[in-house]
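Structures given as structure tokens follow.
The following pair of complexes shares a single chain, subunit A, combined with subunit B in the former and subunit C in the latter.
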Partner chain A sequence: MSAYVLSIVSLVGINIILALGLHLISGLCGQVSLGHAAFYGVGAYTTALLAKAGYPIGLTLPAAMAAAAVAGFVVGLCSLRVREDFLAIATMAAGFIFLGVVKQNEALGGEIGISGIAMPSFGRDGFVALELGVTVLVILFCLHVRRSWLGFGFSAVADDDVAAQMVGVDNRAYKLTAFCIGTALAGLAGGFLAYYLRGVSPDAFGFTASISVLCMVVLGGMQSIAGCIIATTILTLMPEVLRFADNYKLLIFGALLFLTMRFLPDGLGGLFALARRKEAGPS
Partner chain B sequence: MKLIWELALQGLLNGCIYALIAVGLVMVYGLLRVLHIAHAGLFTLGAYVSLVVTNATGSLALALACSVITVGLSGIAIYRFCYEPILSRPPYVVLIVSIGLFIMMEEIFRIVFGPYGLSYLKPPLQERFTILGTGITAAELSVVLITIVLFATLDAFNRFTRIGIASRATVSDPQMASSFGVDIRLIRDMTFFIGSAFAAVAGTMVGVLNNLVEPTMGSVPSYKALAIIVLGGMGSIRGALASALFLGLIEAFGTTYLGTLLDRDAIAFTVLLVVLMLRPAGLTGKKT
Partner chain C sequence: MMDPKQPRPALEVRDIAVQFGGIRAIDHVSFAVGKGDLVGLIGPNGAGKTTMLRVVSGQVRPQVGQVLLDGRDMRGFRVAQRARTGLGMSNQIVRPFRHLTLLDNVALAAGHDRTSSPWVAIGSVSRKRQRAAAMELLALVGIASVAHADPRSQPLGVLKRLEVARALAMKPVVLLLDEPLAGLNQAEAGKLADTILELNASGVTIVLIEHNLAEAQRICRRFLVLDNGRKIADGPVAAVMADDAVITAYLGEGWRNATR
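Then we have the complex of A and B:
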């Protein structure tokens, strides 16, 4: 494979990990977050700092996950206090605070960020293979969570958290668990991104980034892992496919987002469900 | 002391602009429980219409009227074509539709009017006054006066006219209001018209204050206004006014005294998070 294809494929992999993290929080557990990119950023910065200090990838990535999960735990605690739209805005606030701290902190590279991260010792092809392998593991993990008791609890909380509490589902614990797992995945994606770009800069983790991850999850249909993966792939590839229409790239992106949700509110997942019903024939 | 006055004035000005933008968002949220991000696109549209008409005719008053009507009608169009058909869906669906719409609007402005922004040929309202030892331009003074007049009018309208009372009834219980003969669709159209008209005024005034209208001028209001409606307790117009002024002042003083620790947005959102943790339903919101 050419370097170009490799680089696109690994970006798709990173975005899938990132989007599945948010899928757990917002799709499965129903806690809509507008600040997911902040945890992506926490992971990327942790990795960048440790890698610059000479630690190997086997240590930086788990550290990135742990750091992001701790941040996620804190924001998750806030999420217990507020609900629905207030929660969305509170997570958005967390995103802006992360960005503000990073931009004003010289130790984190300020506005410019950190550059010059060395590629892991096993080279670029090995890195892509590792990253894609991890992506597959994350997908399997998410499929497993959904079928497990944990996933069952998540969807109870998503449907109606008060009712879930009534029948003995500890919705605080479930929400916190969702936040920790989801943000740890974002941290992992961030760690891969730091190696992929050989550096980090604050602009990659702003509000726009949070919005695009949410778009991947919602476009995928909130409930559907397959939909989420397909939507992420489409949205990641789109800037490349639309390169010929450079001036209108973002306009087409906005229009696609608008038209899909306006006329297909259940996202791609909804489309699959529809197709399955059609296949089963009229009942 | 002079610095403090200047910061207070700057904070008050930004607060007034925030309030004019946020009021539309609050009204829409109160009525439909929708986070109307595309509202910030209407704000930019208002700025462009005013600038183009002023440069063509030389009259800012005429331009403001054109802007208010165009943007108000666009607001109704957005409601009818984009939100109304999907209101029964979960809120995040409408949120993404609104975000998509906002991105499209920003891009259309960039493609039509160019990426670098436009300026007034003869910048209006540039006369300078001195009040309490602080210099202030006519444009800045107009922002404050317009905000006071518009909010007083809106409050009186909601309190004393039949349609205003009907609209408040619709906010508190749409089904009940409907069964008492309130035309819900009319109320919604009207809400979008008024809210968008306020955004048009805000856009015009920002364009005049900076003498610059850019395609991206709506991106900061698009998220800052969300912070304001949360601070004010979603759905409360007076709460939005109070929290807009509060946020304007916090930002003005915060960037001066805390600027080395956090940037402007982070200061605003730290305050927001602290308030939300202490009062989960906003400053003026009631416990649910």
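Then we have the complex of A and C:
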């Protein structure tokens, strides 16, 4: 495979990990987050700093996940106090706070960011293999969560968190768990991105990035992991395949978000379910 | 005070007072519900029934007083903990999980040992045993035929029964039913009241909050009457319904004067 294809494939993998993180929080557990890119950024900067200090990838990535999960825990505490529209605003604010802190901090490279991160010792191909392997593990993990009683509890909390408590599901513990796991995945994706780009800059983790991820999750369908993976792949490849699309990325993502919400609220996942029912014939 | 020789009550409410701003919603109310009892908590609109229910369920924290479930002080217990300790709750406005089938609505409650913490929950996948238990409960309340249906497609009568089945799946020490008959037509209400009576006969302790006095009188053994946040009567149904204070609370002074 050419270096170009490899690089596209790794970007798709990174975005899948990132989007599945948000899928857990917003799709499975029903907690809107408009600041997902901030945790992506926390992971990327943690990795960048540690890699520059000479730590190996086996340490930088777990550290990236842990740092993002701690940040996610703190923002998750907000979700216990506020819901829906207020939570959306609170998470959006968390995204801006992250950006504000990073841009003002000289140790984090300010507006420019951090560059010159070395590829791990096993080289470019090895890195892509590792990243894709981890992507598969993340997909399997999310499928397990969905099937497990944790996913069962998440679906109850997403649906009606008072009724969830009445059947013994501690909504606070479940929301915090969703935030911690989801943001840890964002941190992991950020860690891979830091190696992939050989550096980090604050602009990659702004509000636009948060909305792009949200677009992937919404287009995929809030309830469908397969839909989320397919939507992420399409939206990642689109600017690469259609060169002109890159210039209109914001316009296209915005329009997609609007059209999905208006005409396909269950996203691609809902479309698959509909197709399956059609195939099965009228019951 | 309870007689020490008597068995421990299933639910005991001691000296509960709740104040919302300047309004005293509940004014030092105490009562106990014995195991196996079927008690109707009644009173006119605004009497404090719903607030009392929310105090017992843990949604409202009282300024004063204690709630004891099977002898355990519930102070500091949130709704989910109370539910797992043995408080079965059904809602007046039905709240099914809309994205789960009726069966899974009940199975989730039946698996409350699996969902006790996210750590336990992530390690467990099979729902087989809980679904079997849920199916039995749906049959018990008479809606097993629609077990695999989507709750959004079901009429209110079915969803009211779903609420009861889901609360029963918590294996409750006490079942709190908040106006289970409200919104049902007379025939449906009568049938659900019969189901509630059967549940009680099988040993479930029930506190029934109800506006449908005819049905409540028919099935309850005991009435507890709240008015303006105070307990105004507590005793056998016939005696309570003949009580002057209760009649006044429901019908007003004018009615009494008119009949004299």
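By our rule, the second predicted complex is superposed on the first by the 265 of 283 C-alpha atoms of A that agree within 3 Å, B and C clash if a C-alpha of one lies under 4 Å from a C-alpha of the other, contacts with A are read in each partner's own complex, and residues count from 1 in each chain.
Heads up, the rule we're going with is that contacts are C-beta pairs under 8 Å (C-beta built on N, C-alpha and C of every residue); 3 or more make two chains touch, one makes a residue touch a chain.
If you're wondering where the values come from, they're calculated on a predicted model, not measured in any experiment.
The partner that reaches more residues of subunit A, of the two candidates subunit B and subunit C, is B. Once the two complexes are overlaid on the shared chain, A:73 sits clear of subunit B and of subunit C alike. When both complexes are overlaid on chain A, the residue A:153 reaches subunit C alone and has no touch with subunit B. Once the two complexes are overlaid on the shared chain, A:163 sits against subunit C while remaining clear of subunit B. Of the two partner chains, subunit C is the only one that A:173 touches; subunit B does not reach it. By the document's definition of touching, of the two partners only subunit B reaches A:99; subunit C does not.
By the document's definition of touching, of the two partners only subunit B reaches A:211; subunit C does not. Once chain A of one complex is fitted onto chain A of the other, the partner contacts of A:145 are limited to subunit C, with no touch recorded for subunit B. No residue of subunit A contacts both subunit B in one complex and subunit C in the other. Within the complex formed with subunit A, the subunit B residues making contact are 29, 33, 35, 82, 85-86, 89-93, 95-97, 99-104, 106-108, 111, 223, 226-227, 230, 234, 259-263, 265-270, 272-273, 276-277, 280-282. Per the touch definition, subunit A reaches subunit B in the complex via residues 26, 32, 78, 81-86, 88-90, 92-94, 96-97, 99-101, 103-104, 207, 211, 214-215, 218-219, 222, 247-248, 250-251, 253-259, 261-262, 265. Taken in their complex, subunit A has these residues touching subunit C: 144-145, 147-150, 152-153, 155-156, 158-160, 162-174, 177, 223. Remark: subunit C residues 57, 59, 78-81, 83-84, 89, 91, 95-100, 104, 108-109, 111-112, 114-118, 120-125, 127, 166-167, 169-170 touch subunit A in the complex.
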